[in-house]
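These are the structures in question, set out in turn.
Shared chain: chain A. Partners: chain B in the first complex, chain C in the second.
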Partner chain A sequence: MAGKSGREISAVPQGGIKKTLLSWEGALLVVFIAINIFGVIISPNYNATNVLREMQKYLAEVFIMFGMGFILVLGDIDISVGSIVCLSATMACLSGNAGLPFPIVVLITLGVGLICGMINGLIATQFTELPTMIVTLGTQIIFRGIAEVSLGSGGSVSMQDVKGLMALGTKIGPFSISFILVIVSAIVFITILNKTSFGRKLYAIGSNKTAARYAGINVEKLRFICYSLIGFLAGVCGLFLLASLYGANTTTGNGFEMEVIAMCVFGGIATTGGKGNLIGGFIAAFVIICLRIALGQRNINTQLILVIIGAMLIVSVVIPAISGAITAKKKRASVN
Partner chain B sequence: MKKKVLSVLLSTAMAATLLVGCGEQAAETAAPAAEEAAEAVEEAAPAEEAAAEEAAATDGATYAIVTKSAGNPFNERTASGFEEVITAAGLNCVVQHPESATADAQIAVIQSLISQGVSSIAVAANDANALTAALAEAKAAGIHVLTLDSDVNADSREVFCNQAGVQEIGQTLLDAVLDLTGGEGQYAILSATSQATNQNAWIDAMKSIAESDEKYSKLELVEVAYGDDEPQKSTDQTQALLQNYPDLKVICSPTTVGIAAAAKVLQDQGSSVKLTGLGLPSEMAEYIGDDDAHSCPYMFLWNPIDLGRLAAYTSIALVNGDITGATGDTFTAGDLGDYEVVEIDGATQIILGAPFKFDASNIDEWKSVY
Partner chain C sequence: MEKKSLWAKLTASREASLLVVLAVLLIVISILSPTFLSFTNVRQILLNNTLTMVMALGMLCVMLTAGIDISITSTLAFAGMTIGMLQKYDILHNTFLLFVIGSAIGLVCGFLNGIIIAKGKVAPIICTMGFMYIWRGMAYVISGNAWASGQDVAGFSDFGKDGSIGPYIILLVAYVTFFIVMKWTRFGRRIYAVGANPEAARISGINVDRTITSVYMIMGFLAGLAGVLSVSIYASAQPNMQYAKEMDVIAACVIGGVSMSGGRGSVVGTFLGALIIAIIAKALPLVGIDAIAQNLVKGIIILAVVILNVITQRMMDRQNLLRREL
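Up next, the complex of A and B:
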């Protein structure tokens, strides 16, 4: 179903309820509903109260997913976010224990994230020939290294005054603050990526960087903004992680980068850039979270849950590839 | 358009089959994993199923144990001992191994157990403080919380099942180092992760005992290396120690993963460095011996199965209200005998017993036990 011009700008979302339902995001929504039904069937304890409570732990990661969506659309990648989470949480604990008031601690947490992101952005935009995977691999090691040095020999620090953190964990009705913030962020970031010229420019850069540059887009400035954004969001993640962990250690944030990349890819955002929709990543995040909760309540081996999520990820990238190959074959046949 | 419809249907169908399939066969597919772990899961799953079918009609209590991580042989044996006692008492048992050796992963498991409304949770903590919020929620939900093997801060649980007193272990290990070095020289410690509560407590005890007595003054602790309880990293760390300290006489590894990795390195290289620490007899049998062909003259451990059993009896006693975890509480832990809750450094605990010495004379009879 190509457009009138004979080409499809796959990146740009188009209207129509039918089209939405048949898109990858529509399919994900179906899967999301299916998983919840599945959860209710397999576990007698799978209800709104329990799911919302268990979800708390996973929500912090979703913040980073939004930033990762932006970065992936650009055709870049940032694997340092797990370390940024660790560093910002560590700094929060250290500053909190030094007696600073909680609002300042919050600012420090977010500030550390933002600065780390800006450092990534600075290196990535000043040395454009470097692969961002390597740049952020380097900063990943550096950020975690700084955190480990700050943590000292014990490798663990805990917040002495947890009043502020407990306040962060309070609930408004059945919903936690982090849940509400995730929903608000989803609306904001999805709108930015889909409806603003800023968002469209990101797709343009991800599709063809050179063309975007010739079209007058300040590519490096936008990339810098996106790196700063994901760093900031990693700080937000660190803050909400603290609200459940009350402390940080050398393993804090381990593997978060891969989990959020998995959410994005499962949501249909291509790591090659220029393709995908943040709505997909958002729904995919909740698909993975609800699946983990449902299987967890049945006491399924946690390693097996990882295998299942990995398999889902492979399936999600294989299906479009297969259908794409079929379409291409058909096109070739019709030309011949 | 047809293709799109097809691919959507296909993906939904595949996801659905995958999920349903996994739900049914979860226990079976786990079989090739580490024996004990798989066994535990296999047995736990049907027990849970049965419980679910009865749908809380009976108040069939469920007792849960949360280990540090899968693939930790010590924890797996502890879990098997726990399960043995719980199922023998006609109760339901849930064994949960978190997906990684982090507090974060344990929180997910604990949250899930709260949803399931279990009666008690026994946890071998990966971090002393990080579980505070999750355990507080469990307590608020009326669940009895205890720790074993590795403790959390005293406010977060009712009682701690300690395999042996920290001072006793520190003393035993340091005396072994003193004996193997011949009274003087360099030694190194190969630990697990840098934030493992129990490891740090034992190492601190060794350090403070070494300072307190003149006879240890000629011993020099050159480094505490961290193998993160991963065989490969522990191997690398051992090799690094050998390279960096040519005069090293003894490596002391108070973790089962570390000692096994170090034993292999030392024995394969025919190194003159001797090894001691805490290890599993079944894994260490081929390295234990008095001659130069063996890397480890002797080592120590308590019985992990008995630790699990003690935790199980303690869980039952807490749920039944026989004890509250207060100092001076006494109860009978089946054939393990009578135990009393004692307070050490402000933490209420039940101590299993003194560490047991494994050497060339008794390793053969123990290696088949655990």
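Up next, the complex of A and C:
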């Protein structure tokens, strides 16, 4: 699939307009438009204003998606992000209630996320023998454990002074601050991954770690940076989650890691590393968000949405497998 | 042949070192709280962890083939909700048939996982993540977001209520069967072979795809069985039951020495791993640590165990290298 990324080395030149239109991102864009048409048909309230308003509660997760894209391209995985969101949101509430000014609270929220990410990165780079799934499984339980201990027996906390959080939730024109930030970070992170040497090195590591090391890439340093980045973005997510929830409890951010990985995979980023594109992940995130809003407006059981998302995920990974098998068969037939 | 020292033996066998850890743990806890090892306590620890222990066996098989299955608790909820609803609407009350139906549902769920992973060459974590959403959603959909209460499952819950020996028998049968199958049957050894080196296994005539599919079917079957057991033990069925508990099962396997890259791990190790987590969870309040800190301690132990494992492995490698130099 050259159209998907153009990254695979092949002796035969591949590409062309038809291939680009048939690429994964192209298909996602079609799906995105289809979902929006579908939304307009099934719900009379499905218009730009409403969608932008309702989008706000889902947008926080998209920040983590960018970091997860980096991690997956590396061939790693981070399942501790949901717990980092929980811990940073908890610390924000506790420090806010302790009377600290809002800018300091913001710094603490982001700082907690960054430190958690750095801890992950440190363990993952010091003990490279360990699969990152195990490392982040351990820290997932630890980070949420710390949040549970700091929340105490009540298990929840709400922000008393919500002025600062309200300011975060305000709108500039029709767009909320989080929406604008998501778009800006999308541009920044897509550029980093596609156009800078840092981004291209991540693909090199993801395709072949040993080769990347021999090519002079400081593999462990880059991995550490990516883990710190996703931790920081989880902190950002925690902050914007607070802007719509005004509080945290022990289940805050539960399952976020899987939802974010689902967005990436649906967007064509392979968990085996070295393949995929953040543009795909970005479109996929909005496909899922718009689907949720459309179905939610029709009062369709939120749990049924889970079934649909799961089915989309399975279909999106099975299609490349089947098409790959068919091309392989054709190739074999032509050789014979 | 030179005789290995006791220390070398202990560090070489994961099961032996786990036994030592378990023994030290039990001694320390018994000193701090002399009543800990009472019959009732031990019985309750086993009963409360039956689900994790049963599913850990399936996870062992899956992880031996370098796979992972995070859909298990959703399968559990789907199977459990189905049999809960069968009783709620008075369609079926036969305990044995309910067990068969629940396990069969799990088997089908596992088959879907297995066929997609084996034939479609889809990464196990992604495929099972999709089904994690699907089966959890289906559990809500078939129940219409409602519960099956204790009254609905009244007769059935006798099987798993405190004092009944049903769950223990299932646990015992499962572990003995798996111990034998994994150690001495052709099927069990095939799983190890596929996990250690799929290419070599294929060349030596093993049907790798079929082995992988059957491993996920075993996992699904056990998850379905755990769903039925869960309804029976907790005397209710809720769509969100055991939510996010699949990580506990994986943690039990990891502590028990099952390698995530496949080919390494044993039934005894898995049992000891699950037991260590269970005992720590139960003992924390007794030794004066707040139950709130339970997850924190559990996470630290998981990380400590895997990191220690890496460090000892590195030391052993270095010693082997030094020996070769001489």
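What we mean here is this: the second predicted complex is superposed on the first by the 316 of 336 C-alpha atoms of A that agree within 3 Å, B and C clash if a C-alpha of one lies under 4 Å from a C-alpha of the other, contacts with A are read in each partner's own complex, and residues count from 1 in each chain.
Definition applied: a residue touches a chain if its C-beta (ideal position, glycine included) is under 8 Å from a C-beta of that chain, and two chains touch if they have at least 3 such contacts.
If you're wondering where the values come from, they're calculated on a predicted model, not measured in any experiment.
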Three-chain arrangement built on chain A, chain B and chain C clash or fit: clash
Touched partner set for A:Pro174, first chain B, second chain C, both or neither: neither
Which of chain B and chain C A:Thr272 touches, first, second, both or neither: second
First, second, both or neither for A:Gly138, with chain B first and chain C second: second
Touched partner set for A:Ile326, first chain B, second chain C, both or neither: first
Touched partner set for A:Pro101, first chain B, second chain C, both or neither: neither
Dominant toucher of chain A (residue count), chain B or chain C: B
Touching partner for A:Val30 - first (chain B), second (chain C), both, neither: first
Partner chain(s) touched by A:Gly247 [first = chain B, second = chain C, both, neither]: first
Partner chain(s) touched by A:Gly296 [first = chain B, second = chain C, both, neither]: first
Partner chain(s) touched by A:Val149 [first = chain B, second = chain C, both, neither]: second
Footprint overlap on chain A, where chain B in one structure and chain C in the other make contact: 153, 254-255, 301, 303-306, 308, 311, 322
Residue numbers on chain C that touch chain A, as the complex places them: 68, 70, 116, 120-123, 125-127, 129-134, 136-141, 145, 239, 243-244, 247, 250-251, 254, 260-261, 290, 292-300, 302-303, 306-307, 310, 313
Chain B residues touching chain A - in the complex, by the definition given at the top: 1, 3-8, 10-12, 14-16, 18-20, 22-23, 26, 29-30, 33, 37, 41, 44-45, 48, 52, 55-56, 70, 94, 96-105, 107-109, 111-112, 114-117, 127-130, 132-134, 137, 193-195, 200
Interface residues, chain A side, partner chain B - complex: 1, 22, 26-27, 30-31, 34-35, 38, 42-46, 50, 53-54, 56-58, 153-156, 158, 162, 169, 241, 243-247, 249-252, 254-255, 291-293, 295-306, 308, 311-312, 315-316, 319-320, 322-323, 326-327
Interfacial residue positions of chain A with respect to chain C in the complex: 77, 123, 127, 129-131, 133-135, 137-146, 148-149, 152-153, 254-255, 258, 261-262, 265, 270-272, 301, 303-311, 313-314, 317-318, 321-322, 324
